[in-house]
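What follows is a pair of complexes built around subunit A, which joins subunit B in one and subunit C in the other.
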Partner chain A sequence: MSAESQMNLQDRSESFVRALLDGTEDLEGPTRRHRLRSDALERLETLRVPGAKDEAWRFLRLRPMLDVEIGSTPTPSDDEVQQLVDAKAFDEADGRRLVFVNGAFSETFSSLEGFGDDVHAGRIAGPDEADLESIDGHLGSAADVFDEDYFAQINQAGFRDGGYVVVPPDTAVDGPVQLLNVVTGGDESFAVQPRALIVAGRGSKVSVVEDFVGADGSTYINNCLTEVCVEESATVDHVVVQGDSDRAYHMNRRAIDMDDGANYNSRTISYGATFSRFDVHSRGDGEEIDCTLDGLAILSDDQVSDTHSVMDHRQGHSGSHQLHKMIIDDESHAVFNGKIFVQQHAQKIDAYQLNRTLSLSRQAKVNTKPQLEIFADDVSCTHGATIGQLEPEQLFYLQARGLTEDQARELLIFGFAAEIVDTIPVASVRDRITETIQAQTRSLGA
Partner chain B sequence: MSTDVKEFIDKPYESGFRTDVEADQFPPGLNEDVIRGISAKKEEPEWMLEFRLKAYRHWEEMEEPDWQNVDHQTPDFDAISYYSAPKNKPKKDSLDEVDPKILETYEKLGIPLDEQKMLQNVAVDAVFDSVSVVTTFQEKLKEAGVIFCSISEAIQDHPELVKEHIGTVVPYTDNFYATLNSAVFSDGSFVYVPEGVDCPMELSTYFRINAQHTGQFERTLIICEDDATVSYLEGCTAPQYDENQLHAAVVELVAKENSEIKYSTVQNWYPGDEDGKGGIYNFVTKRGMCQGDNSKISWTQVETGSAITWKYPSCVLKGDNSTGEFYSVALTNNHQQADTGTKMIHLGENTRSKIISKGISAGESQNSYRGQVKVTPRATNARNYSVCDSMLIGQECGAHTFPYIDVQNETAQVEHEASTSRIGEDQLFYLQQRGLDEEDAISMIIKGFCKEVFQELPMEFAVEAKKLLGIQLEGAVG
Partner chain C sequence: MLLEIENLHVEAEGTEILKGIDLKVDTGQIHAIMGPNGSGKSTLAKVISGHPDYEVTRGDILFEGESILEDEPDERAQDGIFMAFQYPVEVPGVTNSVLLRQAYNARQEARGEQPLDPLQFDDFVREKCKLVDMDPDFLDRNVNVGFSGGEKKRNEILQMAVLEPKLGLLDETDSGLDIDALRTVADGIKSLAGDDNAYVMVTHYQRVLEYIEPNHVHVMVGGRIAKSGDKDLAVTVEEKGYDWLADDIETTGAA
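Here is the complex of A and B:
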């Protein structure tokens, strides 16, 4: 690499950081966030925006995102927000909904009255920020796996607000919690940095739906970071739905910490944004954990979606499951890299990983790398990857049963997606996503 | 020596390089003069020297890659002597002079006494005259029109064939060690099978005169013309001891229309002692080009030796309907490290590839499978099927899988599956209950695990390879 392009990379890294952190100087102060911010700023001194030479980023071109002119974050009208909220809010979460509009907590649209007295939930940067003892020791702790991650550190340094749900031991939250991130704005492009923290205390149970929605046509960078701590014998169901604006850039980091007997169950559905990148890191530092990291990405036009996941089994007697599916059409590009680590002495691990891609277009591209790194011998780990298209025999079979070719195609594509969608534990979210995907499949492969 | 050549050698000496023309070894170190020296020693034509020099100049600009999953010290390239003439090893009078430990290994492998003698450079009796065996082979090959000789001879006798093909599959710019090899390669094999000829016998380095001293930078080139077939065996199961730590070989295969090349390797270089001291670095670039339509290249390898094995025998499937296959058993024990696998690059239509990789790690070794299946936009109806299974024996070893799958054509069908497991206690119990002792039971399970690969090996090789795995794993289980 020539000195000049290195300079450019450095310049670009710095100017991107500056742009995303512009106007966050007021975050200096004696808050929890201040500590995270100063640590992150220090790390950002040496971190560079990843490029094609970095193994984990080599299939992506970040240039278009780095070139986005970042202006000030707009304040949309309530009507505009209402529309987006209405589309995504679901009944089960009434009373347990935290809504963030362009990164800022919205009193108007949120409803917190449904949480039991002992459950702590709300905004991180509220007026009572200094008294939020429940998040002490948790905020920023699972995220240490992203200490070397450029985008995660930008979030650490510049998030203005965020949602937290802390469930005390032996408590089950009555119904699902919704973290709804709405982004919408005018003609100027901008950046938002959502942040979320989910803590499930010993023996507790909670179900969280994290929604990202944006108004089509808005250009923005959504640089999110979510931390999940699943303590001893606790259970967390987590659904992440990425339905950002068709011109958005979605960067999503998620760190999960699991203690003995923890159970973390997640489904990540991604269909929005022109560009999305998910980094999921699950640290299983306890025995008898059970972790599910399933995912579905549906891409068309020139969308790009990349999922990098790490399942790190550090102790024995545990299991993990990952089924990641991708449907690619037009000139879209899907990337998957799933790593499973089984550390030394973490015996009796049963890890399963499968990546399946359905390719509907000759111009679509897929790069997949299911990766195993095993340092213990008494384990059973399997992984697999398949890439294929719709089987002519199956299409013929359905047509012979009276379906039109389009109907047959839709049915098969939807069936491929349904394996993931059907496992979403919250009924109305499942229905909503089913509808969204059906609408998508109608236009896919045509 | 012709005066031209003499002048040629003399020229570079001006810049300070001095060597005795009669000396059979160059002093350690690498520079352009050394390259010229090697080329002159071998009396190579100008174009060959140019090739070497281009490679060397490129190599100087390169850095050793560090992405591989092995831990080693970069060899000191200035401490290596890049040319040594084949030396006559001291002849031994009988096998009694050979280290009994080595003989024990031969015994277990079932290597015939005469071969043992040959391997240990013991004077052989008249019954097994290696030279006459070789001569018979050579004559038979000549009849069929097959050229099988050292690459140095080929450069002299068939320059047009070498010039046309060398560097076409593995260009001199390819990678750090291939580039180094292109600059300094010592010797290696050359095979040319003319159009329509099925090579009448399995070719083996083993039966090529002077094949035993090809040195550390081996270069092999196999060309199979239209409608021809050849099967080539490299290495042997007998343990190979060598004072050179670094081995950076290059193998190029060219398969033209309807032709088929089968390349089998058994690698059993010195792996270092039980504490991981010493041992060979085996950094090899092997690649086959399915140039013609309907051609086929099949790699089979059994890798049990070397401190570090780092190689990816690959197939470029350029011709329509061409096929690439890769069968591999990689066994690591003690402190051995292996990062091996394959690349299948689908360029032509209806191309097919198959990958069967079996990794066994024991002791404190690290065994990685790294592979790439790439389907380019033009490769309509490409098919790939990959299986890579790992077996771990013991708690200190590691098994890693890095399969890269890159698809740019919707008609591709790519399947990859992998599993990691250990020898099941119930399997062991079952076999022991049937009267087998533990060692035999383990050996049987491992043979079963590797069966799909062994059945691809030529028969004699397969028998020996099975025994070899048993020996390598001795004491690892239990």
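Here is the complex of A and C:
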């Protein structure tokens, strides 16, 4: 056994942090990132890596991720990147695509000409970083809900670049925006820290597709943080697709701030990575907000995926909807913990939450905990969880129509997923994910 | 002979439900199977279509002269057997048109014929919708999800119209239908019935038989066919109930 593997968890996590922050120690210049970094470093002094004793992490083993030897981030060839970009880039976002390759902004693959004059969009850490007034007051603001979150703080302290989209008031962005995070590398493992900021100004509207894609076989840690500010009466459609490398570790934090009348509509689709953890925190700090946090996780082999979400209703007359579905096969393990808070003066809240798991294997594991914490008295909240297998009666019905057992199984698994996929608002992304999921379900439950 | 059932004994969870059924159905015929609850008439339809909950312990089912007992439900469907379910199953996330097209093309492929692409199929299936007076919007809805009882039954007939079976088994397709829906469903079945196919209607009530006239009526009691006859038998059953047949079967059983 090497000295490395004998290290205790705390030592290991310190070297993990050092490795993720490597190369950003001498961050100078623009005060914005510098300030985020120094605040985060200060918090990290008192934070420790979460372990089995932390309620929110007790079903996960972080050790394999912490044990990843983090080397230097490779620079892949354009050909290699091109393949991954081609697989994920969709026509509707041509001209509104920000591409990051191993965490670094790519001039070659990005196209920004379709944003028009009004919309501010680009990279956070570009040459004009000091002059990016549009993101002032926004970058780092929604993320304060993650002040105690170890991985969020590592991102705050060490992200090298990221994408931002700031939509001015009463403006509708012409078409969807794509934030495409491509990761690919050689034999060495490494870490990247994507960052994104979406701001929809008062009465504006934008649709964003955040894609994470990796080359299978690459081992890396993807420690992402995304902030979404939905200002008064603005609408944000947000699709997040996690299709990282089969050997990747995907850590995803997302903070959403909602003002009066804000509308945030999201679908999170997760099928990649050996390990993924999503923390989604939506802060409803206005009346008449409407928030949808739907999700789908498809797991096979020994994949682990955990979604922890918080819907915090702080003001009344609002609604939220969360349908989170999980398909587990082989020896995979899915975790869901969804909290809905309804604060004391947040009356007339209509909150719905349902977690449904389709289990295709006796060896697969699921832990689910839908949670309501209601401090107001005039609310309508429902929550629940179901875990089931394919219904024999449904299989028979389809077989009696001439479908083979495999075809019937495939159709039913896909049907289970389709309830989420069919609501993706961008047609070509919906089609792409339909295909991906059909390919996935073909091999499931066999 | 299209369908020959010989001395069929069937068990479910150790209980014998069918206790020796003999039945012959030929093309061009419409049969009605009547009987009280628990007589085994629905079981018979399910066993013919290959439901996995039932075990055939004795006897045989021949379809076009060959035993189908070892065949999977999908193989039987591809051979041309179709059962309209008493309780059509909801399939969330799968649209009617996707299921219909996949089922149609599975059959086409099994017969070595060309599958239809989505556009061709759309034209084809829209014609079929007219047959059962179904709004084509139903094609985009998830299979049976949120359908009313009558819509579910009509949907079964639509599937049957698309798959054009040689043998259609209608398991209480008439139950729970109002008079309009019953007429629509009956008209649908009548328009499908022809010289090269056959229909077996499992039913509780005689009223559907006013719309679709059967050539043969069988009455099942206690897992056996107690009496067979022509359409007048259905009228007798309607008037006299089933009790007289139960007595009958006990006497013959004792003989």
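Assume the second predicted complex is superposed on the first by the 435 of 446 C-alpha atoms of A that agree within 3 Å, B and C clash if a C-alpha of one lies under 4 Å from a C-alpha of the other, contacts with A are read in each partner's own complex, and residues count from 1 in each chain.
Quick note on the criterion: a residue touches a chain if its C-beta (ideal position, glycine included) is under 8 Å from a C-beta of that chain, and two chains touch if they have at least 3 such contacts.
Since we're looking at a predicted model, the values are computed, not measured.
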By the touch definition at the top of the document, which applies to A:Val145: first (subunit B), second (subunit C), both, or neither? neither
Looking at the overlay, does A:Thr386 come into contact with subunit B only (first), subunit C only (second), both, or neither? first
Touching A:Val101 in the superposition: subunit B (first), subunit C (second), both, neither? neither
Examine A:Gln394 and indicate which partner it touches, taking first as subunit B and second as subunit C; both and neither are also allowed. second
Give the label of whichever partner, subunit B or subunit C, reaches more residues of subunit A. B
Of all the subunit A residues, which ones make contact with subunit B and with subunit C? none
Can you list the residues on subunit C that touch subunit A in the complex? 49-52, 72-74, 76-78, 82-83, 85, 88-89, 91-94, 98-99, 102-103, 106-107, 110, 142, 159, 163
Help me check something: in the complex, which residues belonging to subunit A touch subunit C? 391-394, 396-405, 407-408, 411-412, 414-419, 422
Taking the touch rule as given, give the residues of subunit B at its contact with subunit A in the complex, in rising order. 67, 377, 390, 392-422
Footprint of subunit B on subunit A - complex, ascending: 55, 344-345, 347, 357, 359-389
